[in-house]
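Several structures are given next for inspection.
Same chain, two partners: subunit A is paired with subunit B first, then with subunit C.
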Partner chain A sequence: MGLSFLPTRVGDTPLAVETRGVEKRYGGGAAALAGLDLQVPEGAVYVLAGPNGAGKSTALKILLDLVRADRGEARVCGLPTTRRPALVRAQIGFVPEVVETAYGWLTAREFLAHHAAFYATWDAGYADALCQRLAVPLHARVESLSKGALRRMALVSALAHRPAVLLLDEPTDGLDPLAREEFCALLVEHLTTAPTTVLWSTHHVHEADRMADHVGVIQEGRLVMQAPRDTVSASLRRYRAQVPPAWTGAPGLNGDVLLREGAGREIAWTVWGPEREVASRLEAAGAVVRDALPLSLEEATLALLRAGREG
Partner chain B sequence: MLIDLDLSDGRPLYQQIVDEVRRAVVQGTLAAGDPLPSVRALAAELRVNPNTVQQAYRELERAGVVYSRRGQGTFAARPGGDGERELLLGDVAERAIRDARRFGFEPHELAEAILRAAGNAATIPSTQE
Partner chain C sequence: MNAIDLHPPARSARVARHYLALLGRHRTVVVVTLTFFLGMLSTLNSSGFLGFEGVVPLMALLPLVQWTTSVRRGEIDHAMPLDRVRHELLQVAAGAAWALLAMLLPLALVTLLALQWNLFRTGHPATGIAWIPPVLLLAGLACYLLGAAAWLRGARSGLLLCAFYGLSLVPVALLGPRWGHVERILSLDAPITPAEGVAGMVAAALAAAAAGAVVWLVAAGPRWRPRVGSRAVPARRPAPARPAGAPPAADARRRPARPHAVLWSELRLLRGPTLVGVAVAVACTLWLVPGILRTQPPALHVRGFLTVVRTVAVWWPVVVWLRGRGPWRRRLEPLPVGALALRLSRVAAGAVSLEAVVLAAILAHLAGGGPRLAAPASYPGVACGALLLYLVCSFPLVLARDHVVGWSVAWVCGMLTFGIPVWTLFAPPGVLSPGAALSVFSLHPVAWLPAILLWTTVVAALLVAATHGGVLGDRDGPHPFAAR
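So, the complex of A and B:
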């Protein structure tokens, strides 16, 4: 790939979730994961961003040992997921993208009681409080619940045992805007009371913008970039500049350009690198830099994905 | 004290919290000895990662803007007087200069335009009386 200048290793810090060279192919299809090296530090809120079909759900299912990797290794809290699956699952709270309703005839209350039996650390008082906050219809049958209500019930079942690791797969899908707000508030409150590592897979990156401190961008089963959020914020800028007629570009900079936009003598380049250095190299090449605009997390993700596709 | 965050701002969220607290101290809406919200309460209110608030409070404490008492919370320190005001004004000026440069204006042109605009603004109410 032409994007080798982007960071993909988080560095020396204890990891709550780690995968090494994980590969997975379903049947005869294309690879769902093609060498995934996920590094989620302890206590991080890690946003795993990428389009549908990039491998996000497969990655989470491998961590839960619901899917087995063809190659590579996955660890949660230092435990290999395939060797101690029960122990690993006890450490995890999981909100799946699609809530399975295998026990559809149970009421939500009965479903949660059944779920609670698997977790030694289940806090019934906390579960009740969460149900009330999220307006989970406890007396309705699970099979009769709307997508949103199922989501909210799944959230209670993921949080009430205060897991060390929380895996969220598109957690706000199917929630109305008010419920999304409530979800984010609830998650923040949960984090202030229980030390939790969050791996949040989503294509609605803006929802995680206020909370994310680590970002991974996944495309076609592998990471385009993985870094602390502050590194991403500090390193990516959209430079708008005026250039002389028949400008041929800035030598020494070309390796770090993610996107080239603009028309005629006005360019808008998205570049990875220290702002002063990038700006001075552009100026040295004859460009007059008008500004260097920071990117929101969502814009940054989109730029990385577009560059990854073209690169 | 009202803390406003702007996600399209280039500053990291913790820095925005730091700047907002500084502003409140300079403006006097946060007086010496006033308590700041707990990390938990502010994180919940702003919907941000609690670590972000913690980082902001650490930074503010290092800068002497706030102090913490074990088990009691975080409190505003005595304001740094003119030094703190100047720091804040410097930030405002830098932002204005960046904005002006975007449209191709130099700092001295901006300064002149500000004085002109301020002069006009001052005369408007009197002409309307």
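So, the complex of A and C:
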């Protein structure tokens, strides 16, 4: 089953992050990215969801020019990432998936001062406030920090220079629920004070549910779907219906069905399309539609990933 | 371009100042710099600058101390708003400034004292006094830059050590028969004409410039160097299939790993460094030393061979324990074996691999056809002496699992330039003295066997105690030396 009916272009809006046909293959192995066309509008909170190994981290590394693409082009704030990487990185705040540094012998305060030396727009007062808010142990050596404390410190280093673009690579991985909540609250607070585009790569989509206004689902190095959150909410629904015996489906609709669940006369189909049109087609085929439930971001992502895998 | 206001990238001058200050706050860097300082000061005697010839090449190791004291650089370190090439060159420049400072102070002091000494002795300053210090300074800078290039190229400490082994013999290879003349110049015994002095300075400046060019090429050559994360992860080998019908061994009685299995595992981990060590030792012994020094007195052939063995022995603990820091080690642990047993197994495996390297060097020396040791019975003494040096230099490395490279290098450099000479100098002479034990590395060894047996036993016992202390300290928390 093809998923070509799903949107993969955001539309004519200024983009803060953009990739065109980016391909990357590591050491002759399987393709990490196979023609990625990412479009993150300015000011968006874009959630890039996908399973492990889908190419999310590679995409972020290409945006930072830590990894060079084999083919294609990436731009951040309109700047090609490979031409002026230093200028590109000056626009970006980055929280890596694994906070690993060669400067483990520094204290957290010194580590942040180390970062401050590189960013002309570093706001020391804001950094202090963030450290206080996140309870970063400033006098402890970086190598002795727990995973959560490392994440919090990395978040401070990413936010304190008020970047135009924030790249978060599984930022809440390994954090306890309280810390995750605090992280999300802090991010919301930051977004209200500084205009920032957020590209949030995660497989814990529910954490980004409150903030996300754009969603991209990546699988095997390619975008399955990319759309504003509102579009996804309006177009992707689970239809529960009662169907007559020996029902063969709804003509004209089968191509847009992502998932077929249910057994016997009770079905639960996840379908992409305008609700009214989908419901009328189902009813025209003899089904009695009980309800059309909107999906949460996580449910939508899961449905898209499962459809992509089965397709 | 869109409407977003662009933030400027980092300014090079600010970053350079930052790195200078950063290295100044790095306690290990400061201690190692002081070690170099003390090592050079320990050469103070009437032989002028002769002692510097052994210390200046050690500058090649300073980048290892400065930049690889912790785990490898991570993405957060690379994602800085500064051009990568410029970033790395700034790091090297800041480190080189510290290297120059480490050499400048003792050189100035030795120069001053040599000046006074010659004025007192002959009534006029030695002719080389104006030329030798800048030449040594430039030579040290060249060594530092070559070490930095190796660090940039591989970011692998083992590679840096191998590069150092090779590079330390380049001057010998280039100078060859004139090496003895250089020694006389450094000792201020031979006069230097202004033309010779200028030629020496130009040569050293060219060497430093060439080393700088190598650093630039290495930093600027992206295709030579895999970028972060671009290394392919090797596929895991599939687990061996259980024979058909065999019951799972979930309820089988578990037991710790057997000591010989642990030792064998450690030896297998060391097979790479051992092979490289054998290759380096054989190459140095067989090719460089006898080939280049053919026209020199036979004593120099033998001294070259002994120097190779001694150098390998004192650095071997660092090689062994660096091997233990990699991710492959972390994947292996925790093993079903006691921490003390594991650590001692590593020491033992290191000793076995070192003896293999020494044996290869001895065989190469014997096969080379050059002059041999005066007494054939001294060859086992060389092997035993290498073991003793290996054990002595292993102390900082057994103290914790995540040992600190900088401290290890500082310890070895300190032992090499300061500890061992002082030990042999001030220990009471006699059959059982440390000097007798280490006389196996001299041209005329005394009766070494009782002293070697005694000191090897003593040092081994102390090493076991230190290992035990290291295990206890490891359980209490981070390594005490890990504090910056």
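The definition used in the following text is that the second predicted complex is superposed on the first by the 310 of 311 C-alpha atoms of A that agree within 3 Å, B and C clash if a C-alpha of one lies under 4 Å from a C-alpha of the other, contacts with A are read in each partner's own complex, and residues count from 1 in each chain.
Here is the rule we go by: contacts are C-beta pairs under 8 Å (C-beta built on N, C-alpha and C of every residue); 3 or more make two chains touch, one makes a residue touch a chain.
Because the structure is a prediction, the values reported are computed rather than measured.
Look at A:283: by the touch rule set out above, it reaches neither subunit B nor subunit C.
Looking at the shared chain after the overlay, A:104 reaches subunit C, while subunit B stays out of its contact range.
Contacts of A:212 after superposition: subunit B is touched, whereas subunit C is not reached.
A count of residues in subunit A touched by subunit B and by subunit C gives the higher number to C.
Once chain A of one complex is fitted onto chain A of the other, the partner contacts of A:61 are limited to subunit C, with no touch recorded for subunit B. With both structures placed on the common chain, the touch criterion links A:185 to subunit B but leaves subunit C unconnected. Of the two partner chains placed around the shared chain by superposition, subunit B is the only one that A:233 touches, whereas subunit C remains out of contact.
Residues 43, 45, 181, 184-185, 188-189, 191-193, 206, 209-213, 230, 233-234, 240, 290-291, 293-294, 296-297 of subunit A touch subunit B in their complex. Contact residues of subunit C toward subunit A in the complex are 1-11, 14-15, 17-18, 22, 25-26, 28, 67-84, 86, 222, 227-233, 478, 482-484.
Those residues of subunit A that touch subunit C in the shared complex are 14-16, 26-29, 42, 57-58, 61, 64, 66-68, 77-79, 85-92, 94, 96-106, 110, 114-115, 117-121, 141, 143-144, 154, 157, 161, 163-164. Those residues of subunit B that touch subunit A in the complex are listed here as 5, 7-10, 12-13, 39-40, 43-44, 46-52, 98, 101-104.
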